[in-house]
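Order of writing sets the chain letters: A, B, C and D. Residues in each chain are counted from 1.
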Amino acid sequence: MNTGRLETFADGVFAIAATLLILSVDSHLGSCAPAGATLAHQLECSWPSYVAYVVSFLTIGIIWVNHHTVMDQIDHADRTFLMITVGFLMVVAFIPFPTKLVADHLQNPGEHAAVYAYDLTLLAMAVLYNVWWRYARRGRRLIAESVPQSKLDAISRAFDPGIVLYLVVLAVAFVNPLASVILTLILAAFYVPAGALFYRATG
Amino acid sequence: MNTGRLETFADGVFAIAATLLILSVDSHLGSCAPAGATLAHQLECSWPSYVAYVVSFLTIGIIWVNHHTVMDQIDHADRTFLMITVGFLMVVAFIPFPTKLVADHLQNPGEHAAVYAYDLTLLAMAVLYNVWWRYARRGRRLIAESVPQSKLDAISRAFDPGIVLYLVVLAVAFVNPLASVILTLILAAFYVPAGALFYRATG
Amino acid sequence: MNTGRLETFADGVFAIAATLLILSVDSHLGSCAPAGATLAHQLECSWPSYVAYVVSFLTIGIIWVNHHTVMDQIDHADRTFLMITVGFLMVVAFIPFPTKLVADHLQNPGEHAAVYAYDLTLLAMAVLYNVWWRYARRGRRLIAESVPQSKLDAISRAFDPGIVLYLVVLAVAFVNPLASVILTLILAAFYVPAGALFYRATG
Amino acid sequence: MNTGRLETFADGVFAIAATLLILSVDSHLGSCAPAGATLAHQLECSWPSYVAYVVSFLTIGIIWVNHHTVMDQIDHADRTFLMITVGFLMVVAFIPFPTKLVADHLQNPGEHAAVYAYDLTLLAMAVLYNVWWRYARRGRRLIAESVPQSKLDAISRAFDPGIVLYLVVLAVAFVNPLASVILTLILAAFYVPAGALFYRATG
């Protein structure tokens, strides 16, 4: 079973989940301002929804870039791999929901619950991402022959901290939900270059 | 007529229908809790909408995996096959609607009607899926030459119980709507490995 | 400029426009029933929204099948062709809006305006589709060398009645909006086989 | 790293962002008319939402056509290029939000704020588009060997005025928001042919 259609479906889910995020900006507008506020005022006080949009879009973008990197090493798919992919994409497609919670509740009552939901979703994603990669990698089950072992090791080293990092993000949310969201943004912005660095250092 | 664009369009519909499911989780939130409830409470009492999301996403994922398996045997498409595909995708794209009904009504007034609508949609899908496969298969009309007859038989055997199983799911809904939804989940989770088993046993 | 990405983008718009149609079924539910009606009653009186869904989905499906047929004859694209495609897709992506109008107003006040909007959108689509095909065909501008002239003539003959037929659909709406919608359904169901017939008769 | 999946993801975001625009037409309907107005009246007074739809769809369409043109010159992608692409697509996917603001507020209170938000989004897009192209072009970093230098120069010349033009569009919004929106439409309609002209003149 080749991987062409798998990538088309995955790219579709990534693209749609990312694009649907804008609906949470949309539905939030006005809810932060008193009735009769000017549009300019509404746009100003809606900043948490822009932050949530940017963080989620970049996070989905990073996952997509990483997914891209892994799929380049994969030679073929089996049904278990397809099923893990479906589960993984189910979590990706879930992201717009906690993103909307963060947009609606950050700096307002309920912000702890909203950011817990958000961080738990990202954690679930990191866990499934690791399961997915380990399944493909174990005994080079689905790996193309031409891929050197050192590259597999580098990818594993780059992905390994993912679960721990998202656990830290979740822990920070207990103290300060906004700080947790900003940490997620930093993670999204620096994770990929760091991963790339890892490979260059060892490759 | 080759099948590349057919798969792109189908993958698009699968991916979008699956990703739109999250909107029903979104719109349900809060409707289960009294006015002024905390977000944490709203998130807790919304569990039927998560169940509905997971069941529908996995079901669409399974159909996609199976569609993938069948399309690998198909050599070319004719217009009748395209039209059956359009009808089949019309039912797939309909799934977010009864999913939302289940999310909104499970464990509440109207749950029988909601689950009937859900189960009838899945039944219609199973019927169209069988029509689609039988059309392609009859006299090897659209099947690639290299595919052995034993593989076609294995696919047919794996898909044959589909209609009966969804009839059982519908029958269970008369007695207990929640049980019917959970049975759909079990069906989605075990159907694919079972189908794969069938082939290995005979191939 | 090759046509691969053009088809990916077009297939994306077709798939999304078709899948978004379900939102109009969604938003209509309940608006036809008195407050406190059972879900079963709401689902029954919502039949115009199902009709609108089926008609629009099949219509978009047919356009997609025909687009598929034409693109198989096209060798390359130029910028004018891309721009006509963008305009054409703009009308396709508009279809969910009048579909929702029909879902909300059929058999109710405003049904004439709703069906006029619907029929005018389909007419605009038929006009742009003809412009698009004629541009590609004139002097075999974008046609692959291997395509026989008789096939181009057959496609033209199959598409020529489109504008007239959608004018008839619009005229019927003045007398009876429901009849106009049903006529659109018949058109979608029979247009493709008829087009295929034309080619076989002459090919 | 080849560019196939990059294009699939980008085409997905373009297609979905363009298709989601119709939701702003949808949600605007009726808000411009007094309660109890006929549907015909509601459809008439909703013209700003149609204008906003057409302008945004054509703008996204033009960006897509230009993206297409550039990607044909690109031989491979690196991670920085992927990250700029994600940032660029984040702005493209944001477009439906200010489009809805324009649909809701044009010719009404708040139209200045709405059109500023719209024009700033398009300006951000033009800036990121330039960053993206310059990154690929510098020292022919990602350019295919077969592409002549004159073609790169022509593309740069065609894209260079983009930022200035969208600054003019923004300046016009201070004086007259409607004029600014119409100018955006003219820009979308003439920019591509102008770009094509540039190349022919120098190629």
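Keep in mind that, in the parts below, a residue touches a chain if its C-beta (ideal position, glycine included) is under 8 Å from a C-beta of that chain, and two chains touch if they have at least 3 such contacts.
Owing to the predicted nature of the structure, the values given are computational and were not obtained by experimental measurement.
To fit its Cα atoms onto chain D, chain B must turn through 180 degrees, a value rounded to the nearest 5.
The two sequence copies chain A and chain D touch through a face in which the numbers common to both fall below half of the numbers used overall. Rounded to a whole number, the gap between the C-alpha centres of chain A and chain C is 36 angstrom. Chain B and chain C have Cα centroids separated by 26 Å.
Touching of two or more other chains is recorded for residues 8, 12, 16, 20, 23 of chain B. Those residues of chain B lying in contact with chain C across their complex are 1, 5-6, 8-9, 12-13, 16-17, 20, 23, 79, 82-83, 86-87, 89-90, 93-94, 96-97, 100-101, 105, 109-110, 112-114, 117. Every residue of chain A that touches chain D in the complex is listed here, in rising order: 7-8, 11-12, 14-16, 18-23, 25-26, 38-40, 43, 53-54, 57-58, 61-62, 64-65, 68-69, 71-72, 192-193, 196.
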